[in-house]
Structure formats: C-alpha cells, structure tokens
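One chain, chain A, appears in both complexes that follow, with chain B as partner in the first and chain C in the second.
What follows is the complex of A and B.
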C-alpha cells in the first residue's frame, strides 16, 4: 500500500512540476535563454490566487483564472520591457545575449521576491482549497481533495497547451520560430509576437502551477525558488526546448523522488534530481528528447 | 549696538549651539541582526524588531541610558550564516555598536558570535536555541532566551506523563532543528526509558514532506513532535492531517517550536492543529512582572496585535544591554560583560541572572526561563483561550489534557 501511495504522490507532484517546466522549456525553445525569474512567476500566481480569494471573498474557481491572467500579463510585460533587446538591437549594446538574459532575469527574480515581501509582507498565506473535501479515501488510499482536483486541472491545462502548440495557427508559428528564427522571419512570421506569446504563456503556466499548489505549499515570497530549481533540472533532463520531454522528465522525477525519499534517503531526496542531471550532462547532454546541436 | 550684518547669523548660530547642547550625548548604538527577507524566518524577524522598538521607546522615553538615547541599527541576515557574519562585522567595525542583539535563528547566531568574540563585543542572543551557542563558552555571549536542552527535558517529561510509547519527531535541517531532535532523543533515553523515539530531518526549503509522512500510515506513532519553523512547520502540519496521520485518536501532535502564537498561525493551519500540545514560552495566563505587562500593553497599542514570546525575549535583550551600561556606567565591553555576569534583574518574564558554570550549555545562560505547555482546543482559537495544561514550574496536569476523539 505504501508503494501505491508513493506512486500516486509522485505522479501528482510530477504533474505540477510539468506545468512549471513546460513554460521554461518553451522560453528556451524560442529564445534560447533560461529565465531565472520563472520561479517568481509561480510565486506571483500563488499570491494572486490566494489574496484575491481571501481579500475579495471570491470563489477559488474564479481566483484560478485570475491568477492565470496575472501570469499571462506579467509574462507579456517582462518580455516587452526586458527580453526584447535579446533579438532586436542588443548587439549594439555590446552585451552578449546569454549574459544579458542571466543578469536581467536574476535581477527580476530578486526584485519580485523583495517587492512582494515588502508590499504583501513576509507571512505565509494558505491558499483556499478548490474543493471542500479535506481528504478523499479510495480504499486504503487517502488523498487530499484539493490535491486530486488540482492535479486534474493541471493535466487538463497541459493537454490544452500541448494541443495549442501542436495544432493551432500560433502554435505552429511558435514551432517554426523555435526551429529557425531567421527562417521563420523570412517566411513572414512575426517572431517578436511569437516570442511575446511564448513568454506570456510561460508566465501563465507558472502562475497556474503556483495557484494550484497554494493550498498545499502556503505561499511566501520565496516559494518559487525551489520549484524553479526543479524546473531547470527537468528542462535539461527532458531536452531543452522539448515539451514532451519536459512532461516525461517531470513525471519520472516526481516518482523517483517519492520512492527515493523512502527507500534511499529522505534527507537527500532533493539531490536525486541533481545527481541524475549530472549523469545526463555527462552521457546524454541533449536529454531524453532533445536534439544534439548542429552548426551550419 | 551690534550691526545687522552680524546680528542675524550670530543669532542663528546660537540657536544651533543651544539645540546641539540639549542633545550633547551621543546615542548609544546597538546593532540588531534579524531576518528581514527570505529564506530566513521573516515573521520571526518582524516580531523581534517590534519587541526591540517597544523596548527602545520605553528606555528613551525614560531619558535613555546615562543620559544617552538608544539607537538601533538593523542589518538583514536573511537567516543565512554568511550574511549574519558580514552583518555583525559591519555593525561592529563600521557602525561602532556597543553590543549586538536580536538574532533569532541558531545558524545565524552561531556565525555572528564568532565575529563578536573576535572583536570582543557583547552579544545578547535573543532567540538562538541551539545549545552549541552556549557550549562555545564565549564570554561576550549572553543568553536570556530559551535553549534546546530546556525544551528537550520538557518534551521527554511530557511524553512520559502522556504514556506515549512510540514518538516520531520531524525536524528542520538546521542547527536548531537537528540539535533539538538529538537532545530530545537523549533526554527520552535518560528520563523516559521504554519510549521508542526516532526523528526525520526535513529540508525547510522543500515543501513536499509526504514521502517522509506516508510510511507512518501503516504504523502511526502515539506522538508526532514538530521541530520546525514556519512556513515548513505549517506545511508539515497540513500534510500530516491530509494523510490522516495526525491529529487522530491514536496520534497527537506536540509543537516543540512554540509556533502557535505566531501571527500567521491560523491563516495557515486549519483543523490540522486540533488538540495540539504546545511548548509555550508565553501564555496570557502566565504571571508577568510589571515590565512585561507594560511591554505587552505598548505592543498591543502600537500593532493592535496580541503579544507573543519573541516580543518579550527581544525586549529583555535590549533592556539587559541598557541595564549593563547603567550598572557599569560604561559602554566598554569588559565593563558591560562584568555587569551582565553579576546581574539579577527583573525583566519582562521574571528575574534574569546568568549562570557562570562553564561546562556545556549553561554558560551565560538564564537557566530558569519560564515555560508552560498549553493545548489548542478549537480552530482559530486565540492564545488566551488555549488551555494551559502545565503551569510554570509545575508538572504536566494530565487531567487537563484533551484527546482527539
């Protein structure tokens, strides 16, 4: 029975990891940079969900899309104000793109953590539950009602996003830009708009992840730091830029941490992912579904 | 008759001279190291800051210390030892403080006392519970706050009184958490033989504790001891409840960190804290000296909040510095240290004096820090309504303990 408990818990946690990691993977796929403020998009979503429900007394089912909206807008604003120089005129600043992205997103991360700490305060806030059942018992299994519903919402969101990326008009344009930015531009695709959509989508996904976990992980200003670290690991394991890879890697990591925490060592549970990361970087740096780099 | 050319400037200069002479004494600078940003416990840091400011106002409104006002200089440690080290270094070398206080996290305190010792500056440890802080034996360090050995003894005796046979502790991966978990084990082995005890270390940064909790479902313990600070502590309590491990008719929870009086406790923990026993350094039904009542009243007037133990610990820390300076009539380190070593002073919680026994945790420790045990008996219950099940200095009264049905 413990095995089943651990498997269910691992898969549920993996789903939340996936929701967070997909956005990061999309950003890397299209901009070829890592967003070090991704954890703070998660944090902002968690607070948007929690505070709107607590302060305004609205249903959590209304707060959830509100958190999504806040994440989408935050992503859009960040892309427009901070990330545009990466592909329009940055070379005239004499700053290399990778260093620019690292500096700007790190600074944004520190800024967001501290502004929330000062404006909202340092105290933790438990987000409202999506469902009023504290525990659902299925045979010998006991799962938090909110955790189960939140996982189902997360799966739904992932499926919708995957569908949009694969089949929609803008999804195909995003794929084109991620394959070859110059080529897509020559084909008439507005690459800046595609980048804005991706960044906004990533912000929205991270915000929804934070919102869904707000009842479980009680938001504080630094609540996004840990999930962000997990996301970086997952994106590399799955293959940078690969959405299916991120999903599979998330589930694998969630289950591995769940079992490893019991059967290997709970104290080193969070190092398992880092250990696997090192192995992949040494022996399969392209990850599960990534492509080896080619230069033409 | 003075010419107009010089009259007005002279008059203005005289005004400045007069004002300067009215505040001729330089303020006494006291350095404060607290967490004001993550990953440190900002809620603790804020409570400590409130307590120090209430105390500083009381001191300054009464004319200061030997004619000089107290000035608090804050540094944010983020709860990180390296930053605490840098903060104390800056306070001593650049701000020229006469003493350092306020620290509320053991890991940061352990780093800060090294600097204070190197520069021979008095360090009043407000809330670092780790016994190692005392065991270092630094003459500059004084501890008017609680210490892990005191909690460990309290926990062992409570487990014995409750008749618990199987106890599991969850501790955070810090000097405080792991240190206390080990001490509890040692005290249970000494005072409550026959109790099976083990502890699990949880990463306070990680949020998913289910892999550590799930194995308990098959064989739930009689008592789960929580040795964590918020927000990790809140998440642990919620996840224990979510899985049906505790609180149940079989398994109670014991809060060894005294978090039930934190301002954000109820907004994070619903019925997960039902019938939780709490190691409390403050309860409104505890008798308080007059100074304690004044501090409590001033705090409530300022913040509209209920007093908590960190308020009194912080206030006592600053009052002790002031008393030392007053007694020694000096801000020199050796004079202040000598004054503190001989002090017998009634603070906000009782009469404070420091042990001179150099072995172990007792050095420069106020050994008789008062504590109680109380029980949460309803959701969103104010601390004043939480049931006292152990009065200060008395054993646990089992007839008052309520069990979960």
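What follows is the complex of A and C.
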C-alpha cells in the first residue's frame, strides 16, 4: 500500500504547509509584499511550544495556545514597527516600496535566526508529542499518533480561520482591503487595523504550524527556512492572495513532494517546489486559482 | 553626448573620487596593519565589496532586486575550483572561466526574469539561489558536496592577494564610473526610475536589463573565483542566503544606488564584524538590526548621512506615482 501511504503522508504534510501559506497569502493580499521572515514566525512558534512545555513542565495542550499567542503578538509588533510605513503616506516611497519590504523582512529573518541562536543555542530540542500513542492503525495504514492528532488540530484551525475570513466582520474588512485599499478606506474601513489583524493572524498561524511540527522537525534556529520556502512556492502556485488557492496548493505540493521523493529523486526533492515556483511566476503568475492582476 | 554638466554626473564624479580615495587608503593600510590575520580580514571584506558593488549595479542602478549575489559568487568559486580539481588548470584560465560561466548563467537568468518586479523577482532569484546551492551540495560525486573543494592558491603570501583585490576593485570602480556616466548609465537609471517611461523614450529595456544582470553576475563570479583562490577552499556555504543577506546589509548601510555606499558598507561592516566576533559572534544580530534601522529611518545610508553633514543633498530615490492598486 505504498501509494496510499505516500498519499496520506503527503496530504498531512500539506495541511501543515497550508497553515503557513494562508498567512503569507493574506499578507500578500493586503500589503502586496512577501514576508521573508515568515519562516521565523514558524521557528518562534516551535520554540515557544517546546521550551514552555519542557521548562515549565506544562501539558503540550497548554503550550500550543501559548505558541499561538506568542505568534500573534510577534506578528502584531512586526507590523506596527516595520510594515506601517508601507501604507502610511507611502506616496513618497515610489520605486523603493517593494525593495523596502524585501530588505526589512529579509533582515528581520536573519535577526531572529541569530538572536535565537545566541539566546537559546544552536542545539535541537525535541518538541513533546500531543498524544502518547506512538502508532495508530487504520485499516492498512499505520500512522504516528502525534502526526494524526497534529494534522487534525491543523485542519480545525484552518477551517476556523477560513470561516473567520469569509464571514466575520473583521474578515470581511480584510477581504475589502485586499481587493482595494483606497476603496475600503473610503468606505470607512480602518485599513491600518486590517493590516495589523492580518499580520498578527499570519504570525499566529505560522507559530501554530511550528508548534505542531516541533515533535517531527525539532526546533533549531534555522528550522523555519525550509517551511518558508515551501510556503513561497505554495502562494505562487495557489495564486498570491487567494486563501482557498493556497490551501489546495499546499495539499498538491505535499502530495507531489511525497511521490516525487520516491519516484523521481530523493536527493533533489527540495528543489522540485522551487522549479515549480519559477515556472509558475514565468508562465502563470496568477497561479492555479488566482485571477490576473488588474491594473488601472 | 556630453553630459559632464548634468547634476547627477557631478554627484557621480564626487562619489568616484571619494571611492578612489578609499581604495588608496586601503592600499596603504598594510603599512600600519602588519598582522597577517587582519590583512586577511580586509581581503575578505574586499571580496564582499565586489559582491556589494555588483549587487548595487542591479538593485541600486537598474532597480532589479535580486537575491542571488552570493550564489553567483559561489558559481564563480566553483567554476575555477572544479577546473583546477579535474583538469589542473591554472588560475588565469580558472578565473576567466569563472567570469564567463557566471556571466552566462546571469545572462540566462536575467533574460528569464525580465518581466518580473519587486516581490516576484525576489522570489524567483531566491529560488534560483536555493536550487543552485542544493544542486552543488547534493551532487556529491561531482562537487564533493558539503565537504567542499580544495583550490590551489596563487601566491605564497597574504600581501600579493591583498594588492590583487585592491587592483581588481579599482578596475571595477573605474569601469563602473565610465559606464554610469555614459549613455548606458542614464539608460539603466531611467529603467530603474520608470520602466514604461524609459521604454516610451526608446530605451531598449530588454537589452539593458539583461546587460545589467549579466554584468552583475560576472563581477560576482570574478569575486567568488578570487576568494576561492585566496581561501584555497570553496563550499556550498558561499551561496547561503545569509551571505546574500550580508551583501544586502552592506549596501543598505553604506547607501543604495551610490558608488561609495557598497564600498564603505562592505569594508566597515565586515571589519566591524570581526571585532564583534571577538565579543561573541553577535555580528549578524547587529547587522540585521542596523539594516532594519537604516532601511526604516536612514534610507540614504552612511554615504547619504555623510553628504548631509557637508550640506550636500543626499541622492534620493526618485519618487514616482505609486502603482495603482
């Protein structure tokens, strides 16, 4: 049952990718910038979960919301300190606007990786499992208990977030601002608040993703680099700014990597996604599901 | 066309003369700094200065924000390293090959990413950078992977390397000065400031953007090859994204889009980082913080601050109408 095994494993990894990618996609939607420090939100979440559980001896089920809280706060602070100039009076930015965002988030990523390296140390910590059962057998499949529970938590979080964005008052404000910032502000929407919510939410989601995976990919200062690169691939694949697109693209990428690692090349499995990213940006920049950019 | 009187060219001349003075100062430095270790530190800082100058041609003068300068350095270093390893070629052939190989890869990549801007360009070049690094570190049979390659040196002593780097930097700066004050330099800056407007005035966008990408990649390749022969060792770590981060830090701290910025940025940042290394490896934390502060509050960089102290208006990034959303 290798095929089914690969499929299930790919889908599970895809769910965690989706947690990361949704936030990145929302940020792109609302600010039209790529957050190059996204992987470090993931890393901080992984550490918050692992260290709080190990040092304080609290249940992982308490550490998980704690990691979420840390991520939410980090996102909020980063938005307030570094992202605000992107839209407050940015007419004077001109051509420098995109470059500013790349520089600042890239530098933030290096800063967070190295400060954590100094404070916590470069060694890996093993994140505690959410459940003590090491193996659950469903029919012909055997799957690690933690992986299954973590994936179920992730799916729940994704569903809740999707509902919030689609139906809640804040969510509708976010949608409005990503469609047209000026129009939304004319309609009385506080665009600064919407951006703050999005950044905070993105930070929280990435942190939860890091926390849930801390048992599988043990946190080190640079643990976020690869998940971040995956999520860049996903937002390009799914169409930048589209939440459903990034969810579907995450699952596709997870399954694709899972099969590609076995049938194409295990050595080069991390390069598949990057090739997909380049090809998509060149030939279908709107992604699988996104709409073409509309310029006035 | 005689453009000597144009204000931007006057500024360029000041920058050029100051950068010559800096190189002169670096050239006489070994008279004071006799310690081989610190001479080595300055050699490495000159490697970064070349990468920074090359990246600045692309990001500062043409508006193409690449995330691959360190990657092209790695490609250059491996070009000469692999040639020496398999065919025992001399450094002259190796370094020429490094320039050609990285220039050609830059040409192809530049051609491919022609239409991409801002975050899209950053993502594509980032993917390219990671693919190259992963390919080199996973092709263990060919490149020895993460073990790295030993590269033969050129000289016995430190000092000849030192002057070789000064000389190459000088050639690059002089070449860049003549390029920027020519029509080509105006074309590049026109493309940076407003691509559509430049195209409408007859600037060959495809040609000049690809040209800038190729030139930048070739200089990076040259820098990488020289570094490889100096360190006598190359590894995929040369192409780490953090290395690109260091290059970007240097240019942003020094002053983006100026001739002096990358030079003072690289020399100061790298030498300062050696001092920070002594107090406990805090260099990357400090740089990243500095970059954020400079990008947030002092976008003209150190060079801009210096000009402001002398009452000269800082070179400002030209403001255009914001893109419609």
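The rule we apply is simple: the second predicted complex is superposed on the first by the 288 of 296 C-alpha atoms of A that agree within 3 Å, B and C clash if a C-alpha of one lies under 4 Å from a C-alpha of the other, contacts with A are read in each partner's own complex, and residues count from 1 in each chain.
Convention: contacts are C-beta pairs under 8 Å (C-beta built on N, C-alpha and C of every residue); 3 or more make two chains touch, one makes a residue touch a chain.
Just so it is clear, the structure is predicted and the values come from calculations on it, not from any experiment.
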Three-chain arrangement built on chain A, chain B and chain C clash or fit: clash
Chain B versus chain C as contact partner of A:270, first or second or both or neither: both
Larger contact residue set on chain A - chain B or chain C: C
Touched partner set for A:257, first chain B, second chain C, both or neither: first
Which superposed partner A:114 touches (first chain B, second chain C, both, neither): both
Touching partner for A:225 - first (chain B), second (chain C), both, neither: both
Which superposed partner A:56 touches (first chain B, second chain C, both, neither): neither
Which superposed partner A:138 touches (first chain B, second chain C, both, neither): neither
Which superposed partner A:9 touches (first chain B, second chain C, both, neither): first
Partner chain(s) touched by A:160 [first = chain B, second = chain C, both, neither]: neither
Stretch of chain C, among 9-17, 99-107 or 225-233, that runs into chain B once the two complexes are superposed: 225-233
Residues of chain A at both interfaces, chain B in one complex, chain C in the other: 113-114, 225, 267, 270
Contacting residues of chain C [partner chain A, same complex]: 59, 63, 65, 67, 112, 115-120, 122-124, 126-128, 130-131, 134-135, 138, 192-194, 241-242, 245, 248-249, 252, 256, 280-282, 284-285, 287-289, 291-292, 295-296, 299, 317-325
Of chain B, residues touching chain A in the complex: 36-39, 42-43, 45-46, 173, 200-203, 205-208, 210-212, 214-215, 217-218, 230-231, 234-235, 238-239, 241-244, 263-264, 267-271
Residue ranges of chain A in contact with chain C within the complex: 28, 32-34, 36, 82, 85, 90-104, 106-111, 113-115, 118, 180-182, 225, 229, 232-233, 236, 267-268, 270-271, 274-275, 277-278, 281-282, 285, 295-296
Residue ranges of chain A touching chain B (in the complex, touch as defined): 1-2, 5-6, 9, 13, 54, 113-114, 117, 122-126, 134-135, 142, 144, 147, 213, 216-218, 220-223, 225-226, 257-262, 266-267, 269-270
